[in-house]
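See below for the structure under consideration.
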């Protein structure tokens, strides 16, 4: 369709798929080194190809962006047809780089991390599979194909969460994640149906072209409904209220999985989707408002829970949820580029955090409870330093990446006259403070103070250690045919006390990610701080072009407003930035006070305000509420009504009744079949008479 | 000058007799013969109508009927022989069981 | 030529032909006995009359005056009907044989064929004569079969079983061997077949038209049809006393006997007509001038000569060949004659197709 | 006139033979009466101008099929059929059904007998050539199919009647 060169984009998703297939089919017989090689080669190839594509992309003429490559007609039903094609523009390019890059790094890390686990080939096969689906999702050129990737990553995350499927909690968590996602997916599907009904297609370009001329609707019209449904789907995938519950449990999966899928890439799919359909949202301010509110709520809610968690990975999980809330907030205030920016930086430092945490856990031989850590600073210095970078980054200390992205979001939340408001900004600010607090709490508890020996062995860890050494992986090792004789002692050797630094294959990625977490923010330094927001400029074609008509209809000229009162705006922006930094510092100081200088303080506070504490430690009883409100009724209803009532009472009854009746009837009619030829002849004669009678009747009539 | 209806009636009579024979006869071979009789009656009707419509097709069909009859006779008689070997009887009323 | 005159002439011709035929049968028997005797260095019948020429009369008288024994346990109606069926059918087929052009007697054109008439300017005969003859011969089985079954003796039964199986098997080859001739002459009417061979000896199907294979098939099948050596298993005296007519005596036996020889004559006539140019003289091409009387007689003469030759062939073969075994007979019929005749049909039709 | 006489003669022969088939209790008599019926039918075919069909009727039916029947009767030495009480269905359903069938047919034929018109000797006469052309041109496929059917029948007969050892 467009004269632009053919990049063979389909290669990018296919490569990991090949790797996955190879490992999945033959991996069982491969040596571990070979499995790792295959996985790394294919994911790395995808990364390299993505880099090449990026290089090419820069040379593309502006006219031929978005660059669309249609492979073949995929579905053809009536006048509705979907091509199997790929769609490359600045947005998907960024996502592409993030996914492949972080994915590749985490692959490398996993090689070392999973070295002693069973089901090695399974793990890497799943991981590659996830890459394939994620890339499909990112590169898809129609909502339908995106949905394929959407479901696919859901599948991959299910498989990987339940990787140690012999462990009850892991299996449960996998199911929980899958089902919760289904709820969101359903909404997404409905949204797509609405789109089909309206535009008769699901291709991005066609849909957007269809939306552009439409007026911005402030009532609950078609666009708003669609947008809300889409947003609900995004909530499912990106773990927003009310569908965030699966993400913390998803930490049952191996830590690299948590890093890759449940921090860096998959969970951001919802954000990506909203950003992708920004034109739709721009036409539905109500939906935008809802997005912003949900984002803000999720952010502060999760952050508050994160304050008191003791499982290192759970803390990170809740922080992920709250950061995703940030991104939603950004999207909700029409700061899509800021959202994506934060998405990118967050991918780096959150992946880094998880990997570092994984390194810690690995070093402690499966210990996850921060109360049993401490004083690891000297013991695992590399982990410590990388972790430090990540912590400062996420807490929003300049000049690390987190600062710029978060700051831009806050600024937009405050300043955007159309969608933003100071309440959102305030919530965001408080969240920032909480984030800084619990991150440094984690930091101090883990690396400072003196070593606190575990009260009991990690095997019966109440929080359900992902790495319960011996137990799950060993059994999985059994089950998946990989001799775990190396695994079990490997773990039990450092079941308790002695700590060791992780191998280089794990530290390398940490370092790489640390550098990323440090510098990644510099691509988007706002004008206020002397930079000129390259990232925003880069993404602007995707967003502003599509949101122009909105502005136009609102007769709210964007450019002039920027120019005329640029001065005061700059000052305002600087003040806000300063405030957020201040809040971050405040959080740091509080954490230092509580967990470094006077470690007994938290218990006292917890005791004094026990109600709030228990509420937080139990995560506001949301899970319990869901159980009481939804799950138990459904289960009981299906057991009593559907099973005992409908299935046994109606369906089985019908089937058996049919059987018995036919038996009775044939018992009667079988007398006809006496085996005596002449009686048959009698029947035939009678029948012939009837036929002739009918023919005569029909003929004479 | 014979009305065509005479031929048809004759065919009907022969056919009816054939059916009757099928119904009352007990000997398998005779029953087969009555089938042949019915086929012949049909042939007569074919030829009569061929004469009426001045169509060759009617007579061609007679050939096919004959072919089928011949095949049927060959196979049927072979079956009769096989049955007779096992049952030692030709009476259809005594071969009303599939198993021996 | 009106229907009544046609019937009258038909009856007259019938009488003459039957007389000639029966006499011929009688004397063919004598001929056979003598020839075979000579082949076996015997004298053969030479007591009754000069050279035993009156022997047939004596035999006839003997047959007539012998006691007609009907065994008890026979199934009478069929026992009596069977020989009649055989003889009648044998005699019927002769009525379709054309043995010459037409004679002009007392202003009437009289075709030398019982079932033909002069329709004013040409001879009209049954245009499916050949088929009818085949049909009659095929029905002829019943005479044998019923006689054997009705006389309720195992020799007869075996004989008739053999006979019916054998006749059915060889009818196929017989009929198929004639297809070649039919393809060439393009008609089922015997008279037209003969006419198509007129002109000269090379036009005879046997010589000029590559039908000699068909002829040999035909002659062998015909021998089987007429239960003649080497295919006379139904009446193999060394195995089953006399085969299907074991239980018959006097005139009934004579009927079977005559039927067999009538069939021989019919077969010989058919061979003549189909393969050897019927009544056409071998020297037609020479156009020899001849008296009118001879011209009138010669067709019949040549016809009789040819028929006689085939009769003699019968006798000759009988004197020469031994009898087949039954399985050999069947194998020969199904595995050799049938494929050969089919091949003959294919080749002939190919040749014709290429010629046209 | 002649036509009518001939038709009546042969028709009566046909019906008589058929009835004889029905009444005779010995299969061989039934077979012979059936042969008579077929012969008479062949002559009726001749009257209807189907000479070749008539000849084939004689050759195939009377000459081959019925010979086969007689042969089998002789082979199995089938005797007079004994009286066994047959199926009640055949009597109480079949016979009335048959009668009804027959009445319907006759009524149908008689009700539009005038429409069917007359059959005249020579009014429609099929030379063998025409028949052959029809058979091998427009009916070629059915012809081949029937030949296949015959082949199958032969093999089936051989397999069935062979005495397995």
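Some observations on this one:
Letters are used for the chains, namely A, B, C and D, taken in the order the chains are written, and counting of residues starts over at 1 for each.
One rule holds in what follows: a residue touches a chain if its C-beta (ideal position, glycine included) is under 8 Å from a C-beta of that chain, and two chains touch if they have at least 3 such contacts.
Note that the coordinates shown come from a computational prediction; the quantities given were computed from them, not determined experimentally.
Chain closest to the overall centre, judged by the mean of its C-alpha atoms against the mean of all protein C-alpha atoms: B. Between C-D and B-D, more C-beta contact pairs are found at B-D.
Centroids built from CA atoms put chain D at 29 Å from chain C. For this pair, chain B with chain C, the centres built from the Cα atoms lie 33 Å apart. Annotation: 103 Å between the Cα-based centres of chain A and chain C.
With centres defined as mean CA coordinates, chain D is found 6 Å away from chain B.
Residue positions of chain B with contacts to 2 or more other chains are 19, 23-24, 26, 93. Looking at chain A, one finds that residues 674, 676, 678, 681-682, 685 touch two or more other chains.
The multi-chain contact residues of chain D, meaning those touching 2 or more other chains, are 52, 56, 64, 68, 73, 75, 86-87, 90-91, 94-95, 98, 101, 105. Annotation, chain-chain contacts: A-B, A-D, B-D, C-D (touch as defined at the top).
Considering their complex, residues 86-98, 100-101, 104-105, 107-108 of chain D touch chain A. Residue ranges on chain A touching chain B, taken from their complex, read 674-678, 681-682, 685.
By the touch criterion stated above, chain D contacts chain B in their complex at residues 1, 3-4, 7, 11, 14-15, 18-19, 21-22, 27, 30-31, 34, 37-38, 41, 44-45, 47-50, 52-53, 56-57, 60-61, 64-66, 68-69, 72-73, 75-76, 78, 81-87, 90-91, 94-95, 98, 101-102, 105-106, 109-110, 113, 116-120, 123-124, 126, 130-131, 134-135, 139, 142, 146, 149-150, 152-154, 156-158, 160-161, 163.
By the touch criterion stated above, chain B contacts chain D in their complex at residues 1-10, 12-21, 23-27, 29-30, 32-34, 36-37, 40, 43-44, 47-48, 50-52, 54, 56-57, 59-60, 62-64, 66-75, 77-82, 84-85, 90-91, 93-94.
Those residues of chain A that touch chain D in the complex are listed here as 674, 676, 678-679, 681-689, 692-693, 696, 699.
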